[in-house]
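Next come two complexes built around chain A: one with chain B, the other with chain C.
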Partner chain A sequence: MAFAWKAAGLTYNRYLAVASRVVRRSLKEEKRIAAERRGEMDLRFAKWQNGKQGEVKQLSTANEAAMAEHASGSSS
Partner chain B sequence: MLSRAARPALRAGAAAAAARPAALNATNAATYATLREIEGRLKSIRNIEKITKTMKIVASTKLTRAQKAMTESRTYGQTSNTVFENAETKPLEGEGKKTLVVVCSSDKGLCGGIHSGMSRKTRRMLAEKPDLDLVILGEKCKAQLGRSNGKNIVLSFAGIGKDVPTFADAAAIADQITMLPTDYTSIQIIYNKFVNATSYDPVTVEAFSEEAIAASPNFAAFEIEDDTLSNLREYALSNALFWALAEGHACEQSARRNAMDNASKNAGDMINKYQILFNRTRQAVITGELVEIITGAAASEEG
Partner chain C sequence: MSSLRFTRAALRVRPTAFCRPLQRRGYADVAADKIKLTLTLPHQSIYKSQDVVQVNLPADSGEMGVLANHVPSIEQLKPGLVEIIEESGGNKQFFLSGGFAVVQPGSHLSINAVEGFPLEDFSSEAVRNQIAEAQKIASGSGSEQDIAEAKIELEVLESLQAALK
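Showing the complex of A and B:
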């Protein structure tokens, strides 16, 4: 069984996030606002090397970039 | 300047009874100064009490929400754990395989020793197994462990603990962890277990690797195809993370509430002490002035 989203480089969690975002956005206005708050994510992260903290980056953009890279890497 | 000015008042506060004769003996100018100092300190302590009281109320309201989120998230964690319990999954015992430790703290302090409790637990684990890799969620534990065990840290996350953690947070962290280049046989998540409103325990929860799941004795009962196995593992990891984050958040709020409650109590005690000292000093000054007037009057009558 092959998954289309797996071929696109998405992880299962990312796939879940996208799917749930779609569901949340299609809700009615008053429920949608409450529901969309549950999908918010505003984290920053940093990679460490040899005991030194690297650059602090936004997690969401970094995740997207990493998955895009993963996708192009697997397709080529 | 400020610390020097505050010192006599502090000393006086520490030994209120002993300070009384000293205040009487002191010259008038000095007594007025301490009176004003004590007043200033009283004011600042009152302000601190107001702040800690407000923070306590804020933490209390946040705590009810956090506890609700915790009970909800427990379902996620326990449901995903049921799978592994039924499959009798055990962590693989292998040499040369790395273990990843995820420490779930938060960004904010002023909540007693829950962050340092977790750092201590991590250090204990590091003492047993020095080649662990660390992923740290939250600034507090990052600052504590970054100083002592900076070499073990591979990732750190910030921005946790502003609000009740969402599943999106957990999923994004799980993604970043799965994308780490090293292959970990087991991932251990350290979080504060909520025992009751006043006690928490740093405990670990295990998230298994693909091989460990595949090698579990009862695994065949679930009829999982090989392709979906990695999905299950990713999902289980984010479930466990979500659970740990929510429970840690609830612990933090409850710890903050207790810390602020104690701080308000202490401030109240100090206010009482300083109020008594203030009144005594004021009376001493008045008595001193009266004595002076009477002696002056008596002297001028004689002359």
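Showing the complex of A and C:
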């Protein structure tokens, strides 16, 4: 296993997001406030089926659920 | 007559050109011993096709130095320090949060990262506090994903702490 985070179902995209979040948090006060705004993400989505809108979900929570589902520890 | 002289001159030049290693570039010529460096973040470009002498990269496969005429390659970067030796002999260091470096033919180097800052922008106190926090989560009883994320944070923070020393 090349990357431990892959085993936990994390995507490369998530890995980069976590790494850059921690880099932003390590900055000095003035720079940190400006930089941390870039890390904010708020996106909701709904699946449409048979012409009807499904349940509106938060992307971040849906991602977490998908990562847990893809963790190799729970599937095998 | 003049055309004859030209062909003769060309004949004379050729053999020496053949002896030298293949250094001719077909397009977008760069000064012989320089790399054109592009270092970009999603919100800013730090270098825009600027001539530099050498770039040291924290590639996943190991630390590597890129000089002019490097073999084309694509390298995934670890969160770590990129060192740029500029034409003037100056030396710049940026901490990147991870991304990719692409060495293109003709001494072009593109580095893409999500976040990148010069070392003086970091607070070693913030790094120390976060290491303690991440260690607590990594050894705690959170979900598998939380522990994995804390371990990623630890990897970044330890690299950052080593760079700040």
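A few comments on the model shown:
As a working rule, the second predicted complex is superposed on the first by the 71 of 76 C-alpha atoms of A that agree within 3 Å, B and C clash if a C-alpha of one lies under 4 Å from a C-alpha of the other, contacts with A are read in each partner's own complex, and residues count from 1 in each chain.
Note that in this section contacts are C-beta pairs under 8 Å (C-beta built on N, C-alpha and C of every residue); 3 or more make two chains touch, one makes a residue touch a chain.
Only a predicted model underlies this, so the values are computations on that prediction, with no experimental measurement involved.
After superposition on chain A, the partners chain B and chain C are accommodated together without colliding. Shared-chain residue A:38: touches chain B and chain C both. By the touch criterion stated above, A:5 is placed in contact with chain C alone, chain B being left untouched.
Using the contact criterion defined above for the overlaid structures, shared-chain residue A:16 touches chain B and also reaches chain C. On the chain A superposition, the C-alpha centres give an angle at chain A of 90° between chain B and chain C, rounded to a multiple of 10. With both structures placed on the common chain, the touch criterion links A:25 to chain C but leaves chain B unconnected.
By the touch criterion defined above, A:65 reaches neither chain B nor chain C. Fitting both structures onto chain A leaves chain B and chain C with a minimum C-alpha separation of 5 Å. Comparing the two complexes, residues 14, 16-17, 38 of chain A contact chain B in one case and chain C in the other.
Residues 42-43, 79, 95, 97-99, 114-115, 117, 121-123, 126-127, 130, 134, 143-145, 147-149, 151-153, 155-157, 160 of chain C are the ones that touch chain A when the two sit in their complex. Per the touch definition, chain B reaches chain A in the complex via residues 146, 150-151, 153-160, 162, 166-169, 171-176, 178-179, 225, 227-228, 230-231, 234-235, 238. Interface residues of chain A, counted against chain C in their complex, comprise 4-5, 7-10, 14-20, 22-29, 31-32, 35, 38, 64, 67-68, 71, 73-74. Contact residues of chain A toward chain B in the complex are 1-3, 6, 11-14, 16-17, 37-48, 50-53, 56, 59-60, 62-63, 66, 70.
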